[in-house]
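If you scroll down you'll find the structure; I have some questions about it.
Per-chain numbering from 1; labels A, B, C and D assigned in written order.
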Amino acid sequence: MTNVTAPRPGFWRLLLLLLRKDITVELRTREVLHTAGLFALVLMTLFSFAGFADRELAATTAPGVLWVAIAFLGALVFTRTFQRERENRAMDGLLLVPGILDALYTSKLLTNLLLLLTLQALLVPTLLLVFPLPVQPPILPLVALLLAGTLGLCALGTVLSAALAAVRMREVLLPLLLYPLAIPLLIAGVKGSATLFDPLAHAGHGDWLSLMIAFDALFLVLGRWLFGEAVDA
Amino acid sequence: MTLATTAPTGPRNHATPHGPRIAVHRLGVHFGRTIALHGVSFEARRAERLAVIGPNGAGKSTLLACLATLLTPQDGRITHDGALDGRAHRHTLRGRIGLVAHDVLVYAELTARENLELYAGLHGRGPEAVDHWLDRVGLASAAHRAVGGFSRGMKQRLALARALVHEPDLVLLDEPLTGLDRQGQAFLWELLDELQAKQVLVLLVTHHLETSAEQFSRVLTIARGRLRHDAPATGTLADVYARATGGNR
Amino acid sequence: MTTPALTPRRADWLVALAAITMLAGALLMGLIFFYAPTEATMGVVQKIFYIHVPSAIAGYLGFILCCAASVWYLLRGDVRADVVARAAAEVGVLFCLGVLLTGPIWARKAWGTWWTGEPRLLLTLVLLLIFVAYILVRQFGGRSDLTRKICAVLAILGVADIPLIRYSVERWRGSHPQVITGEGAGITPEMQLVLTTSFITFALLFVTLLALRVRIGLAEEQADAAWRAVETADLRAEDLLDRSHP
Amino acid sequence: MIRTLPAFLLALALLPYSIAHAQGASAPAAGGDSPAAAPDDTPAVDPDPPAAQQDSTDDGAYTRAALERDGFVAASEVREGDLVPGGPLLFAAYLVFFTLLLLYVLMLVRRQRAVATDLQGLQRRIEEVEDRLLVREESGG
C-alpha cells in the first residue's frame, strides 16, 4: 500500500521558501546589514586615516584594503546567518523535512551571497571615494571579480559556519579557518583589481578571474557534500 | 506559485496498519565515556500513547532524538513499520515524524503564521493547514505577532502546531506540559485523544509525575540509560516510577 | 571474576623502527657534516637543505594523509581512520614548523633577509595556519563524533585548497632554488647521496612519529571503550541485583 | 620504551652542535674544504646576492663558470676567497629542528602518561564495581 500524501515540494519550492524566510528575518531585524554595514564604513575610515590616502599609494593599497574588508565582513555575516538556525534549534525542524539538504545549502549560500553583495554595494563606492585613485576602474571587470570572489568566499564560509556552528569559540575559529583557506581568492582579488586600478595596466585580470572561478567550482562541489556531513548527524 | 494546495484530509494512511509502528532493538548511545542509552528495546503500535519518565539525564531526550532520526545511535537499530531502518531511510521517514523538542524550533523574528507557513510549505501543505492549526491551538488572534514576544505557553502551543501541521504518524513530545496552564494542558490531552483516533503513535517525555498514568497505554521508565520498566499502569506517574525503580534511587 | 592488570602491550616492531630511525639519523648527521661538500655560494648554510626539503615533503605528506584518512572516516565512519587523520595532522604540523623555521635561515643567507614572502614558504605558512586551527578545533571538541566529523570536513577543505594556494602564491611572487626539479642537475653526486639518505631517514622518522601518535590515539580510544564497557557492566550488575532483591 | 626516546634524540641533537661548533670555530674536518675567510660569526651587513658577489671577486673563469651553472656548486670548484661562513646559521637551523622534534616527542610522552594514568583510574573503577557486587551479594544472602 502506498502513501496517500500531498506531493512533496521540489528543490526550487523548498529553496524559495527557505530563501524567503532568511530574507524576511534579515529585513525584519536588519541585524547583519546594520552592524556589518557600519563596520564597513568604520573600516574605510580607519584605512583612510592610516595614511593610504596618498595618491601615489592609493592605487596599490586600495585593492588590498577592499579585499581585506570583504574578508572581514564575510566572517561577520557567515557566523551570524548560521547562528540564527541554532537559536531555538530551528535547524532541527528544517532537517525533519525530507530531501531538504540541497535546498538548505543553496539557500544559506544565496543568503550569505546576497548580504555580502549588498554590503559591497556600500563598501566599494565608499572605497572609490575615500581613496584618491588615479583612474576609475572599469565597472564590468570589477563587478565580475567581486561576484566571483564573493561566490567562492560564500561557498567556503557556508560550509565552515555550518561545521563550526556547534563548536565552542566558533566566532574565533571561523576567521582562523576562513582566511587561510580563502587565500587564493584574496590574492586573486587583490592582484586582479590592482590591474584595474592601475592606469598603466588595464589587462591581466582574466587569469585571476579564472582562478577565482576554479575556486568557486571546487568549493561549491565540496561545500555541498561536506555541508551534509557537517549538518546532518 | 504553490504546488501543494490540498486541504488536510484527515489521517494519512501509511503502510501496513498491522505490526509495530516502531521497533527499537538494543539501542545504545554514548557520548565519549558517558553511556546515554544502553540496551533499550521496545515496540510501539499505531494509536498507542506512551509516556517516557525518568530522572534528569536518564536518556529520555536522547531516546527521542534517536527516534526522530536526528541522532544516529552507535549500537542497535530502530525500524519503522517493521522493515524500514531508521538509519537508511531517514530521509523518507522524516516527513512522517512530528517533533516537539525542548527548544521550540521556530524563528523568533517571524510571526506565528509565518513560522507555520514555512514548515507547512516545506512539507507540501497549503495555507488551509496553517489556518486550521492556528485556530486549533488557539493562536489565531496572535498569528501576526512575532514569536520572540510570546509567552512560554504560547510558544509551546505554536511548537505543537508546527509539529502536527504536516500530519505525521509518529509524534514525539519532549516535556510538552512545561509552560502550559491548566487550560493548555487540557487542550493537549484533547489533542492527543484526537491523534489517537487518527492512528498516530505518540511518545511523550515528561517529568510531571503527578499526571495520571491511565492517560497512557504504557509507561516506559528510563533510569541511567536503561529501560527499567515497560507496562500499562495505574495511579500517577510518580507511583509507576517508584514501583519501577524499587525505591532504590 | 579476575581482571588482568591494565598495562599497554609492548610493541617490539615499534621499538625496532625507532632504533632504526635513530641509527639512520646518526648516519645522516655524519654524512651531512663530514661527507657532503660545502656549497660554493651558500657555504655551510646550504646544508640546511638536507633537512629543509625532506621536512617540506614530510609535511605535505602528513596533510595529504590526514585528508585521505578524513575522507575514509566520512565514508566509513571508522574511528581508526579518524585517529590516523589526527596523528597525520600533528606530524604534518611538526614538519611544517621545521620547514618554516629553517627556511628563513636559508633566506637570510641566500637573499639577505629573514622573510622574503617566497611562494613555497608562504604556501607552507598558510597550510600550517590551516592545520593549527584544525588542531585547535580538536582541542576544543574532544573526542566526540561531532568533532571528528567537523575536523574531517576541515582537513578535506584544507588539502583541496593546496593546488589553488600554490598556484596563486606562485603567480603572486617567485624565486626559489629549483634544485630537484630537473634530473639531478645542479647537484653533485656526493650531495645526491646525502640527499637520498636524508629522504630515507625522514621517511623513517615520519613513519615512526606517526606510528607512535596513532598508537597513543588508539590507546585513548580503547580506554574510552573500556570505560564504557565497565560502566555498562556496572549497569548490568545493578539490573541483576535489582532483580534478585526486589 | 617511549621514555628512552628523548635521551636518544638529545644525543642526536648534540651531534650537530659539536660539529657546527667545530666548523665555525676551528679548522674544519668536513668535506675536504675550508671556509678560509676569517670566521665572521655575526654578519652585520647582509651578504650580497650571489650575482653581485661574483662581480666583486677577481675574475677567475673557473669560479665563474662553476657559479654560472644552475643549482649548487661544490666548494672545491671555487676559489677560497668566494666563501662566506655561516656556521651560526647552520647551527641555529639544526638546533631548531631537533628542539622541535624533542618537544613533540615530549608531548607524546605526556600523552602516553595521561593514557597510563587513565588506565589506572579504570583499573580502580573496575575494582570498585567488583567490590560493590561482592558486598551486595554477601549482604543479599
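Here is the rule we use: a residue touches a chain if its C-beta (ideal position, glycine included) is under 8 Å from a C-beta of that chain, and two chains touch if they have at least 3 such contacts.
What you see is a predicted model, and the numbers here were worked out from it, not measured in a lab.
Peer 1: So which has more C-beta pairs touching, B-C or A-B?
Peer 2: Between A-B and B-C, the larger count of C-beta pairs in contact belongs to A-B.
Peer 1: Need the CA-centroid distance for the pair chain A / chain B, whole Å please.
Peer 2: Averaging C-alpha atoms per chain gives centres 38 Å apart.
Peer 1: Find the geometric centre of each of chain B and chain C from their Cα atoms only, then give the gap between the two centres in Å, rounded to an integer.
Peer 2: About 47 Å separates the centre of chain B from that of chain C.
Peer 1: Find the geometric centre of each of chain B and chain D from their Cα atoms only, then give the gap between the two centres in Å, rounded to an integer.
Peer 2: 61
Peer 1: Counting in whole Å, what is the centre-to-centre distance of chain A and chain C, each centre being its mean C-alpha position?
Peer 2: The answer is 32 Å.
Peer 1: Do you know which chain D residues sit against two or more other chains?
Peer 2: none
Peer 1: Do you know which chain C residues sit against two or more other chains?
Peer 2: 227 - these are the residues of chain C that touch more than one other chain.
Peer 1: For chain A, jot down the residues that touch at least 2 other chains.
Peer 2: 233, in rising order.
Peer 1: What pairs of chains are touching here?
Peer 2: Final set of chain pairs in contact is A-B, A-C, B-C, C-D.
Peer 1: Considering only the defined contacts, which chain C positions touch chain B in the complex?
Peer 2: 142-144, 224, 227-228, 231-232, 235, 238-239, 242, 246
Peer 1: Can you check the complex and tell me which residues of chain B touch chain C?
Peer 2: For this pair, the touching residues of chain B are 30-33, 35, 38, 224-226, 246, 248.
Peer 1: List the residues on chain D that touch chain C in their complex, please.
Peer 2: Residue positions touching the partner: 1-2, 5, 8-9, 12, 15-16, 19-20, 23, 29-33, 35, 46-50, 53, 63, 66-67, 69-78, 82-87, 89-90, 92-94, 96-97, 100-101, 104-105, 108, 111-112, 115-116, 118-120, 122-123, 125-127, 129-130, 132-133, 136-137, 140.
Peer 1: Which of the residues in chain B come into contact with chain A in the complex?
Peer 2: On the chain B side, the touching residues are 3-4, 6, 12-16, 68-72, 91-92, 94-95, 97, 99, 101-110, 114, 118-119, 121-125, 146, 162.
Peer 1: Going by the contact rule set out above, which residues of chain A touch chain C in the complex?
Peer 2: 156, 159-160, 163-164, 166-169, 173, 176-177, 180-181, 183-184, 187-188, 191, 207, 211, 214-215, 218-219, 222, 226, 229-230, 233
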